[in-house]
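Only one structure is covered here, and it is reproduced in the block below.
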């Protein structure tokens, strides 16, 4: 049997001693002040055991990690109609995401890049009665944690400086691939990104993807086939233009956020979340990537 | 001596009998209703003579033709500092103007594509006291015509549907290449595009570019060197991704607008304006291009 | 227990009745004559059982499937130095592979697109004594089948018409990322692509990737870590610009070739090969994709 | 009256004292050894006068300047059929010329970028009996100088290292836009580029473009309409991705070569050639650009 606690502690030791810790995302003012030496891991086994090290109980801004959750809700609501408005291919594009959108006539490459997630937000706005409240409740339910909240300051901070997201939303609108008002869609989008969760809450929330659609309380939220598809999208598209690198080094479906969080999972086995606010140039957590690479190398547990 | 009136009439005859007249721009609702068989030409010689055929005294929405006028005003105001914020190269890009902007880090290719003209509008907003009023007065002055006005309905129509321009402005903002508020810049921009002028007023306004910077009333508005540079930009960048084609077929500096207007000129010789609302797929007036090709072929007058 | 033979037969029944069977690759003259209603599957379980339907014992031209085998050999020979000369990211590029190569200064996106595989061929040429012979022997060994051969006619056919590969090789050379002579590298490359194998031989050859590096005869050819990495590359890059779609629909690492073959695998569980020469517009076997989607849906066996 | 000799001498003085003289093209070994402080100008007036300064009588490798001459010959031979195989739009592309070719399905943007000139060479190969000899004779005739020759060493040097041209030719071939053999087309192309001429010979050769198609000996080689079109192409496409800059600063149709030569002209007025081997990052002669800017500023002679 693997001694998971010992493995997490080894990783903690090794990773917190690394000198280059990346750079905290500066473009969202509210995130720029998070100390860059924060580091935590939470590991949730499918069998119920849970292990932690470091700052795993501190709240982080989940940011793009929320895209998996909004995709999940939209997939529940509209099923495969989702794919009329976006594709499932990796963007493979380090430099210019609006270019691709323009080249492909307003159809985002996948639901985990900004333009795709904005279309997903548009769909939720159309189908949910009280969009922000209903979405938050969905996140609370699959996580079994009713303390999870938006951080309105972070949402407001992004609204004031998120010009690139305004550009994407307007471009989508110009192609007829945004049905609601730009301001309304982005208000929802900035709120979903602002959700604050700690590593434990993240491994709880993502338990459904490791457990064929059933949450920790054994309730079925998604079919096995939906879970397979969402995991596939996480693997091929979850890390911006570093998706190939993450698959290659870590070998797990997962999703990162510019708040420094990463959550990943091995179907039928575990979910794991790391938090380290310093980012590499591709926008993924510098130490989180290293920690997860060490974890799958030490445990030899990966989908490959 | 050339019989200009006879030549214009021959062209009128030939061009109004063409079957394919192109398509009226549908994406600006207020323009969509202009009858597509309108056609007019005005020719203003440097020596003072003026010739007309067809609907040359009817008002058209000058749209992108205004970009030459706003560039001129901005060039007067800030001189070569202009080129810190945009380039002077043809975009050569039929398919995706935001892509280039992204690839080139928010520096528009030239002042006559939308993104470049939006930066020019931003500069005018910064340097003019009453931007809309002052700019309109400038246009009136070089045209010697104080009846020239904005069409507020057209401006409002573009504000409500100009998502692509909102995308461009927000993208510029995200790169730090827009100093004023997006809404304010676009309000100015949509107004400048909405100016209504007839072909005669257009040949008046562009007289400065044919006359080394002096207007019809012989007042110096630009230096000869500034005029040379603006004419060069018109030639290489004035017709979207058909700039090469227009140089090749017509051989004059000029500028087109989606309202169906084209104005062109031969330094020291003449300015000419055509109006035909149907556009070719590149967004230039279908009949206007043909009329100007015939004009330079018949008269053998071109810069080449 | 799953009745694999029954499942394969169901799939056979369903898939051979589909009307649209795709189009046989016309650009390689020698392949253009293969009848498009050929269809076969071979399934090799890790536990030793083997199942077949249809034309699974007929030879097909493995084409791009060979890129996984050449990558494997090069990885054995030079280890992680490989990644100095190419990346591991999906290309995400439906339209123009040379563009990316140019944009990224001669570093191919991954070893499974043509430009990457040409660099791999260059590496093998440098490190193998008798490159073609040694590589063929490697394929024979991991497959335990010494009847496997090049098809010289196919190789010659590609040499005469493979202008796009000549373009890629010369572009790589212009960036200094090809050390050997263009003709020599492409001669090797066209031969590796011309290898003829049937579905059974393909599941044998790919057994190492399902069995932590050990072949059917239990000999260790690769480390577990190397296998994990190659499987990750297959998943993110194995199907041109349809890699996301294959992960999404099928959920297995795999590789396709324009000869109509696909081979895929579930670590610790099975390897499976399909053959159906008709291709979809993305260049992957039309019926093969469907058969594998049905297989993972019916068996609920995927990496996700 | 302008004192042209004095103006040329002023420019000589000013330009030879500039510190940054650019870099000699290193990628063609035979050109890499040319001393970078060479500098010469020749000016040929339409009225017959001729003026020189500096190294204007030394031979330079005309390189891409030859593209105007080959275009002229092809235009004579096939007329407007030329435009079925290439376009007349500026490429506007600093970074990757093969990308555009791929994106536009093998149709080069214009005849003055490499891919376009290779198609022109292909046309000449098809239509000339003894292609190299016939083309050289054409150049000798319009220049009235039968001493003009290929430099076989330069041609051979390019053949051995011109991988990018091989890539372009093979890519054209893959799109069916090259009818002759790649080797044969490039052999012709490398020879046309290798022609050695001095500044005086260049102003002679380009006299036809300033004189409505008539050469110095008053023989008609091109129609006025053909001349207009070729001049238009020079203006919009003659300086790679600096065409806009050259039009803006200099305001003359012209063409540069990586041998450091530039030739430009004002219709009905003059032809001018400069030589300075150091290139700017865009591949145009660093001092030549400056000299021509000074010339049109001092003389106020430009097409604008």
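First chain written, first letter: the chains are A, B, C and D, and each begins at residue 1.
Just so we're on the same page, a residue touches a chain if its C-beta (ideal position, glycine included) is under 8 Å from a C-beta of that chain, and two chains touch if they have at least 3 such contacts.
Computed from a predicted model, the values in this text were never measured in an experiment.
Visitor: Give the label of the chain whose average Cα location is farthest from that of chain B.
Guide: C
Visitor: Look at both sides of the chain B and chain D contact and report whether the same residue positions are involved, with over half shared, or different ones.
Guide: At the contact between chain B and chain D, which are copies of one sequence, the residues are largely the same (over half shared).
Visitor: So the centre of each chain is just the mean of its C-alpha atoms; given that, what is the distance between chain C and chain D in Å?
Guide: 47
Visitor: How many angstrom between the C-alpha centroids of chain C and chain B?
Guide: Computed value for the inter-centroid distance: 54 Å.
Visitor: Nearest whole angstrom, what separates the Cα centre of chain B from the Cα centre of chain D?
Guide: A distance of 32 Å separates the two centres.
Visitor: Can you list every residue of chain A that touches 2 or more other chains, as numbers and ranges?
Guide: none
Visitor: Looking at which chains touch, is this a line, ring, star, complete or other?
Guide: Graph shape here is a ring: one loop, exactly two partners per chain.
Visitor: Which two-chain combinations qualify as touching?
Guide: A-B, A-C, B-D, C-D
Visitor: Show me the residue ranges of chain C that touch chain A in the complex, using the header's touch definition.
Guide: Going by the criterion above, the answer is residues 87-93, 109-110, 224-225, 227-229, 231-233, 235-237, 241-245, 247-248, 251, 253, 267, 296-297, 300, 302-304.
Visitor: Which residues, counting only chain C, touch chain D once they are in their complex?
Guide: So the residues of chain C in touch with chain D come to 95-99, 102-103, 163-164, 166-168, 170-171, 173-174, 182.
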